[in-house]
Structure formats: structure tokens, C-alpha cells
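Chain naming follows the written order as A, B, C and D, and within any one chain the residues start at number 1.
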Amino acid sequence: MRRFLLRRLLWLALTVWALITLSFCLMRAGPGGPSSSERLAPALEADGAALYHLDWPLWRRYFHYLGPLNLDERGLFGDRSRLLGGALCGDLGPSLRQRDFRVDQILAQSLPVSIELSLLALLGAIAVGLPAGILAGLVPRSRADVLLRTLAMLGTVLPNFVIAALLLLVLALWLRVLPVAGYGSARHLVLPAIALGAPFAACIARLARAGLLEALARDHIRTAIAFGLPPWRIVVGHALQSACLPVVSYLGPAAAGVLTGSLVIERIFAIPGAGSQLVGSALAGDYTLALGVTLVYTLLVYTLNTLVDLFYPLLDPRIALEEP
Amino acid sequence: MSVLEVEHLSVRFDTPRGALQAVSDVSFTLEEERTLGLVGESGAGKSVTALALLRLLPTSARVETGSARFEGLELLALGERELRRLRGRRIALLRQDPLCALDPLSTIGRQLGEVLVTHLALRRRQARQRCARALAEVGLPDSERHLDRYPHELSGAERQRVLLAMALLCDPRVLVVDEPSSALDVTLQAQMLDLIERLQERHGTAVLLLTRDLGLAARACQRVLVMYAGRVVEEAPAEALFAGPLHPYTRGLIESLPRFDAPPGQPLRPIPGVAPDPLVPLAGCAFAPRCALAGAHCRAEVPPLEPWRRGEAGLGLSIASERRAACFEKARIALPSSAGKGPRA
Amino acid sequence: MTAPWLDVRALRVEFPAGSAPHAPALRAVDGVSFALERGGALGLAGESGCGKSTVARALVGLAQPRSGSIRLEGVELAAQAAHRPAAARRRLQIVFPDGPSSLDPRQTVGQILEEPLVLHRKGNRRERLARAVALLDAVGLDAGQLERYPHEFSADQRQRIAIARALALEPELLVLDEPARGLDSSVRAQLVQLLVQLREHFGLALLLTTQDLALVHVLCEDVALMCLGQVCEYGSCSEVFGAPRHPYTQGLLAAVPLPDPSAARRRARAILSGEVPTPAAPPTGCRFHPRCPVREQVPGERCAREEPRLVCAPTTQATQVACHLYAALTPPR
Amino acid sequence: MAPVQTRRLRHGWSLDAEGLDLALAAARRARGTSLASHAWRRLRSDKAAWRSLLFLALLVLASFLAPLLPLPSPMAPRLRSEPQPPVWPWVQPYDERFRPEYWDLHALDAWMVAARVELFGALQSGPWLGTDAQGRDLLSRLVWGSRTSILLALAAALTSLAFGVSYGALAGLAGGRTASLMMRVVDVLCALPFTFVVLFVLVLLHAPRDAALSARFVSREQVLFVAVGAAWWLTMARVVRAQVAALMRSEFVQAARALGARKLRILWMHIVPNVLPVVLVQLALTLPAVVLFEALLSFLGLGIEPPRVSWGLLAADGIEALNPLRIYWWLVLFPALAMGSALLALELLAGGLRGALDTRGHGEVA
């Protein structure tokens, strides 16, 4: 177990380091960087120069930007009032667009919104998708099965912003049941959560249905039938657990997918989450904020994947933890 | 005392490539504490016969005719609910398939306990003790530890024994042993057969053994039914069958088996030709194309399964052990001096 | 006594067990020696996991032996299995048991039979086709099936195609890995018939690995019983099956179902109890001692401590047995 | 098949020419059906998959010949106060005001536009699917927009075929420690939240507005193609490696190795034909994901830049035009329909392919 966690941590650290270094190099080298970008207002130009210590040697600038240790006059070489600093401690510098906010402040304020929305969408997808898939698997080729399969097909085929648009068109504008956009009461989150969760509910339903059908065709089910076990006991006792295995292993990529989807949904429904911040910073070229959001999301996806991998052997005793 | 009587059982499968007569007009009786062998090559319909009794056939199968009386009940007419109460409790199926007849995701104890809870409505703790006893009875050491292990942690032999224990949990009257493939080690197969024999003597269970291996039937069964292309071609006590087979197919089978007592290097005499394609309906005796004795009569009409009375130039066998064979030429085959000639006269 | 045609001495083949680099290797074949004359036939018999298939693969160069020698007419083959000279490869051919992957599903029978000839650059296209037709004819299949695919044949026909492919380069030794596994008895008899005819017609030597002792009795002159990678009894079929000495051989013979109920009843109940052991954790000393019914007759627990050497059986010089019961006798040549 | 023991084995190998021709002729008559033709016949019998294959072929053809079709230019603005609702074709079939306004078309497109002008003159189709706020015709933008998705899908297909298959095959062939190392790299790359990394790269490579600098700088579209190429070969590599490793263990490959065949020859003779079905199915699964990825980026304004057009942009415009006062339903409905139908066709085709290609289908009778 420890070796498994250690390896995962190692890869995470490597990825984070790679991202930070990538952003540092591209910022410095690319024409969009602080040293030569003409988009920054002249006032910021002076401030930027001071801020980014253009006079320092390259290595010092890099480690100041990256390192846990703060290398400016208040850090290691100065009066050591603020020893720690740099990207690894969450100090990603100011956001270029919203200059009076630091990146970590913006994140602290916008991240909970995104997580709330994404969690709602993911749990909703599981709550709707899993039972629907199981039901469809239990009555193959019946009307309910065909209906569920077509819905699932639509869910996976239509991108989430098209689903959002159609939902907006029908529920918000035409029937005026739910608010069009904005963030406030719970009613504001219903439409975005549905739009964000729909593709994943569809995928989970298809996986659950295929898993159940495949489980019911297995050999030990015929043994159970030959021993006169009632159908409900066979399904619940033997088929359900192995039907859920593919769904559990899909949760990792699904979580990453939900976070990606939230970028779009937050923009459509004007929800002030970290996703919309990332999109805003991408459009405006605010790379410090972009790096911040990307790092946090990478961290989130990694932990979710690790959790799923830890949880999987509990469901399937045959899988030892060491397998990646 | 007979436990199970099956009369004129016929099963037809309608596959996309046309109707397939898997089993036609099979009759046999199963006595208590005795083993009946159903011998036939793959596709002869022996598994279909057994599975039809417990209605475990796929949906594409239809039982056309036939009756199966067990403990005063007509199996083929029973409702799904009553039949389910019989499966595993009065009639148990043991499939000798070492691959995965056990649920990989739940422990041995839970799977065994489930059968008890379903049929005898025992509580968990009581069921667990009884399962431990059953595992000990089939020769698994410290059965308590086995209860908490998963199937993938056991060896092929141990998994076979767990399946046998599961079959004998509710002390069934009939045990059907289906040997689909010889994937098992020879020594394992021998151990299982001995174990079944010992448990049969102790519990008085009637055993229906389905096998492709004549040697296995000779070793384990008192009475043998030989099936070919869905029909019973010969029925006789084991000793009589192997001493002097009446049907050319049985004789061919026996002679095509490699034997230890024959001098080494003596060539085998395989049966010429190939098994018939079940989808192609065949007039007359199904073995006719491969049989040297086949005459016009054999190709025209299906030989009935007539009893073979000792009176005719038989082989001096006791009246009680009645023999039946479905062949017009059985008189010629039964001649005492026929040992040398065989079907290729 | 001149050196035998094929002489295998102390063959040892190991597989890395587990991914850890220094994990103890799994000794599938642990010091096997046997000899085969030109045109002779030897059966390697034993339960699953006893290493008989590994010996077969090592012979044709599919498994790199760790030590020991395989000498064919004096030519050493064991050294570099992977890149053996083409001439040596031609003389030994292997036939795998019929399974879903014994023949390439995407190739026609013609292509399958032609491949060995193409690999060894034998003759032009027409000669190769003629050879393919002749091969189909030799294994009793209709020559007009050249353009059909493996999935259009029955199990035993596929096995015959595999044999035809092995015969393409006119080998001198045919290695058959569990030839009739899973086939019905009547079909198996036809296959045995074919093998006997091929041996006579082409003067082939056979090496057979199987669990079915009766098959060895019919096809082979000599038999070697293997238990967990070692030979425990080796001699002529009539000698070994007539008067089996090693307890393992007696156990195996008792387990073989005989199609004669009276004989089956009379035979002693010396059936082997216990598990089929796995080569991953071989027991110490004699590999058979945990299941050996006559272990007590050997004084001082030698079976559990000491590995028995292969010695000549008392009555005849031909049979060798590896058991402490016969420890006092002379070792083989 | 004649019984064995009566057949006398023929001595020697040389078959006289006449006998050989006879046998070859018989062989041609009794020609078997290969697994590939089995699969093709099964695919044709699967109506849903077959029709979606035809639909996709039509779509690709239409988008390739877009310049030739009598459509108004996708970027020719006709300033109007609000988007014009769709007009049924028979009400306003054609109008005469075609002006060849396109972005920097490459030679082939330019030549096709010239040919179209000769062919149809100033004729162009009416606003059958309505227009957007700047009066640009929605139908023509949909057809031109499909080009981006198809080109990207092609790019993903090519890279996953080139990199994915070769990387997977190499890992499968190598086996042992090198294979697990190569697969470890793929696992790590897979674990990255790929879209965010692309967004992040887009931010850093953000082309400044003025044209002077952007010339020598990589355009966003190129970033998109590189991103798609860099991501979609991973799953292909995994799938191919598993299949190749299994094939290497199979007996017919062992037999070939015993005959002395070198690894490259085995790769070509046995591995490639048997790995193709797996590659095809995996390819069919990749394409929808690529189209969705492009749509997502374009929707966020980070994918294709106007004046070029793509389905994602159209959907974005459609949603932006949504307001409680006037509902321009066609700006939302038609892009949704276009993308939905294309992706549905791809999904159905993938399902059909998987069903047709899995060889387990040769089940004997019960």
C-alpha cells in the first residue's frame, strides 16, 4: 500500500514541477511574456519589472518563482521575514487581469463554487445513471431498455453545451421554470448540474447495463441457477457487484471530464467558478491565474484517480494494489 | 427403488440455421444409490438431456415430448417456482468445469451459505457450521479457513471439491455430474469419482454421470446408456456392455480406445467417417453411413431400441440385467465368436 | 555403445517468477535426461505443470535452457536457442495442441502450409503449392481445401493441418505437445492412426507429451514419467507399464480409466491423494514425497531431505527409476 | 473426407503439373470466406451501422466539395438588425448576390471556388436554415464548419495510427521490463487532466493581437492539431500493446518463431493482420471524442478563431443569441442537429464495427 501511494505522489510531484517549469519558460521566452508584451499597461510595465526581478540572474528568478524558498530581499538573502514563497507554496503572484487580487485569493473564492457544481453533477450522474443502467440490463430488449438506451446514446453523443442550450431553450426561456443563469440559491444550480452531469449519467448507464449483461452471462450465474437460487438473490448477490466494477473504474476519468465540462457550463450559466476564471484568463492571456487553476485541477484529478484505484481492490479481491 | 423415470424425451433447438433435433426419444430410469452413465461424444445430446430435466436449457430449446417423474412429480410440467425449489435441494448439478463455476467476488462461505439459507432457511451461524462440515466431508482440511477465502485463492482441485460440497449440502436424491471437457487432470478426475462413490454409499444418492470417456463410465457406473446423434443406441449393465457390445457404434468406440493389455504397437481400429451434422435430418439409423454392417433396412428406417432377451443366442447374462440395443443387425454382432470380426466384417 | 541419435543431458529450464528482478526463478525443468534413436518414439507423461511441455519447447528452441545439453547427432543445440542455424531448425518440428490460436485465423490453409517453405526459401510458388497439396493429402485431408480458413474446419482437422505444416520441411523429429487433448475418442483414434502411418512412411521420430498414458502405450516405444520438472521413471513402455516401480507411476496408472469394468474394479486403489503440486514451490527432497503412499518404507525420512538419483531398476538394465526404495543400485551409463 | 486408413500415402513430393492444376482449380471453387469478408457481410447486415457509414461518407464528401456547392460565402456579412429565421427552400430557392468572399483559401479550394463561379455564376442558395446576427448564412457555415471537425478527426486518426499503433506494437513485441516502462509513461500521460494542460498551453502561446508578430508565431489552430495528435494516441497504444502481447504468446506465432522467422517478419505476417480489427474499433471510438474536444475549445473561444468557422463556434453564437425576449431557435437547433447526427453516426458505426469484428461470433450450435 505505501509503495503504491509513494509512486503516485512521486508522479504527481513530477507533473506539478513540469507544469510550473513549463509556464516559467514559456512566460520568459514567449513574446507574450512580461519582458516584451506590449499588452501590459505602461504602469504595470515598471511594476512588472520590479515584480519579476528582471535584473536577477535566470536561475535565481527561476527558483524564486518555483522554489519553496523566497529568494528576494525579504527571503533567504534578505532579512528572512518571509522565508517561504514561490509557486510550490501557492504564492503564484498577482493575477495580471485582476491586478489587485492575488491568484490564491481568486482561487479561494471561486474554487468552492466549481467543486460544489462538479460534485453535484457527478453524484447526480451516478444516482441517475447506475440504477437506469441496471434496470435496462435486467429487462433487455424491452421498451424500457430501448428508451433508456436511446437516451443514453443521446447523452453521450450531444456535447454538454448543446444539452445546456436545449435545456435553457425549453426549461428556462419557454417554460420559465428555472432561472436562466447566475449563482445564488440552489435553484440556480439545477440546470447547470443536469447539463454537466447528463453525458456522464449516459456513459455510466451504458457501462452498468453492459456490465450487468456480461455478469449475468458468466458461468457462476448458471451454477447459482442450477442451485435454485431465486432470481433476485442471483442478481443482487452475484451480478450487481461485478456489474459495478466497470462503473467504478470509469469514475476517475469521469471526474476529470466533469471538471472539464464545468468550464463550459460555468460560462453558459455565468457561474463564478474556477472554470470560468480559467477561461477568462485564457482569453486575456493571464497566465499566472491559468497556472493556478490548472495546478489545482491537476491536483484534484490526481487525488480522485488515486482514490478510485484505492477503492477498486475492495470491490474486486483479485486485483492486488500494485498493478497500476 | 427407482428415483427418476424419464420416458421418450425429445428436445429441439430452433437455431438461425434451422431446427436441430438435439435429443430424440430418450428413456431411462435412475435407481437409488446406483450410478447411471450417459456416454456419448460431443454433440450426442447427453448434456441437453440432463439440463432438460431441470429446465436449464437456453430459451431457444423446446422440449417436444417426454415425461420425467421424480418423487411423484412430473418435472417437465412443473411451474418455475416449484422447479426452483427442487434445483439444488432434491436434484443437484455438479459441473466438472475447473474454470470458474464459483463467483470470483464473494467468499466460499457466503456462496455455500446462500444455498442453505435459500432451501433450508437456516440462520447465518447455523448455515456456516453446516458448510464447514460439508467441506470437511469432501476432504478439504481445516474447512473453517476455507470458508473465508475467495475462489481465486484455491487450486483447481479445491474448487472442484467446493462445488461437490455445494451439491451435497442439502442431501439431494439425485446428483447429475456433467463432465464437459477432460481439462481436469486424470488423477483429479479419479479422486473426484472415488469421492462421489463414497458419498453415494453414505447418502444413498442416485448419480447420473455424463461423460465422453468410456473408461470413466466403466469405472464409475453400474449401468451405461450409449448415445449417438441424440438417440440412445444401446443400454446395458457396464460389465455386459464392455464384455460384448451389441451396437456397432459401441463396439467401434471400445475398439478405438488405446488399451494397456494390448501388445504395444498394435494398431488401433478407429471408426471411419465423421459424426453427422445435427442440422441435416437423416433417414434411418444415424450411424449407417459409418457402419460396415449397414444394409438397405438400416438406411430406410430408424431401428427401435428393442430389449435383447437372453433366449436368443445371447451371451448367458442374468434376466434382471435387461439389455437394449437399437440395431437391426444386433443378432449378427452378438455371435459369441465375433470378438475377432467386429463391425468391419 | 555409440552416442544416441538425440541425446538430452541434465536439461534445466527456468522462468523468472514474478516481476521482481531477483525473485527465485521457477525451475520448470530441473535436470531431465533422455535419449532417442533415429525413427524411435518417446512419450513424456505426467500431470499438468510437470514441465513436459517446457521440454518440448526447449527442444525446438522456443525456450532457452539455463544449462544441460541437447545433442542431435553430435550437434549441440541447447546453446543459443533463439538463433539456431536453419538446418538444425528444419530437422525438429513442433505441433501444438488444437486451440483457438494454434493456426493464424487470417491465413488460408495454403498460406499456412507454404509459410515454412517460404521462410526456408524452398522452391518457387508452383513447387510450394504442389508441396502444400501433397501435404494435405498426406494428412488425409481433401487437397481442394487450400483456400479455406481455419475457422471452417473441425477440431481434429485443424490438428491435422498443424501436423501437415510441421511436415513441410521433411523433419526427422516431430515433437507433439499434447496432440489429442480434448478430442473425442473416435476422432483421437483416427489421429493416432495417422501418426503411426506418418512414422512408418517418413521414418519420423516422435516425441509426445501427454497426460494420457494409454496414448503413449499405443504410439511410443519408450516412456518417461515426469513429476515437477524431474524424471522419476524412464524405460520401455512394456517394462514401465507392465511392472511400474515408482509410486508416482503406479498412482498414474491406477487413475487411468480402463474400458473394462472388471479390470477397473480389481486394480488396487493406489490413487494419488492430495493436490497437483505447482512448480512455483517444489517440495524439498524427492518432489513426490508429500503424496507418496510408500514414504514410510524408506528409513530415516530420506525422501523429505534428499533428492533421489536416477538409478537402474533391479531386474532390467533398461528401466531407470528415481526413488530411494531403489537407492542401493548402480546409476545409469 | 475419405477414411484415413484406406488412403495410401504418396511417395515423394513432386506432383505432376496436370494434377496440380486440377487441385488448384478445386481449391478455387471451394474457396472459404475469410474473417474479413465475414465481418464485412455482418456490417452490411447491421442496418444502423451501414446507414451511418453512408451518412458519414456523404458528410465527408459534402464538406470536401463545399467550395463547389452553390452556397453563399460563410463569412459574407449582410448587416441586418436581427438574425433572419429560416426560409423554406421552395419559398426563396435562390438569389443572385453571391460574392466570393472567403478567408485565405489554399490552391485547391480557390480553384474549386473558381469552378463553382463558372458553373453557377452568381447563383447561391437562399437562407434555408436562416442567418445569424451578421446575416451570414447558417447552412453554408455549417457545411464549412464541418471541415474543421473532419480535418481534426483525420489528424487524430493519423497520429493515433502512426504513433499509437507503432508504440503499442513495439511495447507488445519488446515485452518484459521495457514494455512495462513504456506503458508506465503512457499511464502517466493519461493521468494528466488533458484539457486543462491544453488550455494552459494556449494561454502561454496566446498569439498577440497584431498580425506582425503572429506571422512567425504558431496559430491556435496548429496548437489544436498538435494537442489532438499528442493526446489521442495514448489509448490506442494501450489497446494495441495488450493485443500484440496476447498474439506473441499465441501458438501460431510460437510455431513461426520455432521455424526461425525473425521478429519483423512475424510482425508483418501474423501480428498486423490480427491487430487490425482492434485498431479499427478503437479508431471508431476516438473520432467522436476528438470532435467533442474541438467543439468544446471553439465554444470557449479558444479553438478556431473567426473568420474561420467550426461547429463549436456556431453553437457558441447560438447560445449567445439566446435571450428572454426573442428566441432565435434555429441558431441553436441546427448546430445541435448537425453535431448530434454526426456523432450519433460515429457511435452507431463504432458499435456496428465492434459487433462485426469480434471473432467470438463463430459460436457452434448449443
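Everything that follows uses one rule, which is that a contact is a pair of C-beta atoms (placed from the backbone, for glycine too) under 8 Å apart; a residue touches a chain by one contact, two chains touch by 3 or more.
Everything numeric here is computed off the predicted structure, so don't read it as measured data.
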Relative to subunit B, chain with the most remote C-alpha centre: A
Nearest-to-centre chain - CA centroid comparison: D
Chain centre separation (subunit B, subunit D; CA means) in Å: 54
Inter-chain centre distance, subunit C versus subunit D - centres from mean C-alpha coordinates, in Å: 50
Centre-of-Cα separation between subunit C and subunit B, whole angstrom: 32
Subunit D residues counted as touching two or more neighbouring chains: 1, 4-5
In subunit A, residues with contacts to at least two other chains: none
Interface hub residues of subunit B, defined as touching at least two other chains: 270, 274
Subunit C residues touching subunit B - in the complex, by the definition given at the top: 47-48, 154, 181-182, 184-190, 192-193, 196, 211-215, 217-218, 221, 237-238, 241, 251-264, 269, 271-273, 275-276, 278
Touching residues (chain side subunit C, partner subunit D) in the complex: 19, 57, 60-62, 84, 86, 89, 93-94, 96, 99, 101-106, 108, 110, 115-116, 119-120, 126, 129-131, 133-134, 137-138, 140-149, 151-152, 157, 162, 165, 169, 190, 193-194, 197-198, 201
Subunit B residues within the subunit C interface of the complex: 41-42, 155-158, 181-183, 185-191, 194, 212-216, 218-219, 238-239, 242, 252-254, 256-262, 264-271, 274-275
Touching residues (chain side subunit D, partner subunit A) in the complex: 183-184, 187-188, 191-197, 199-206, 208-209, 213, 217, 288, 292, 295-296, 299-302, 315-316, 318-319, 322, 324, 327, 329, 332, 335-336, 339-340, 343-344, 347
Complex interface listing, subunit B residues touching subunit A: 54, 56, 84-89, 92-93, 95, 97, 99-106, 110, 114-115, 118-119, 150, 152, 163, 166
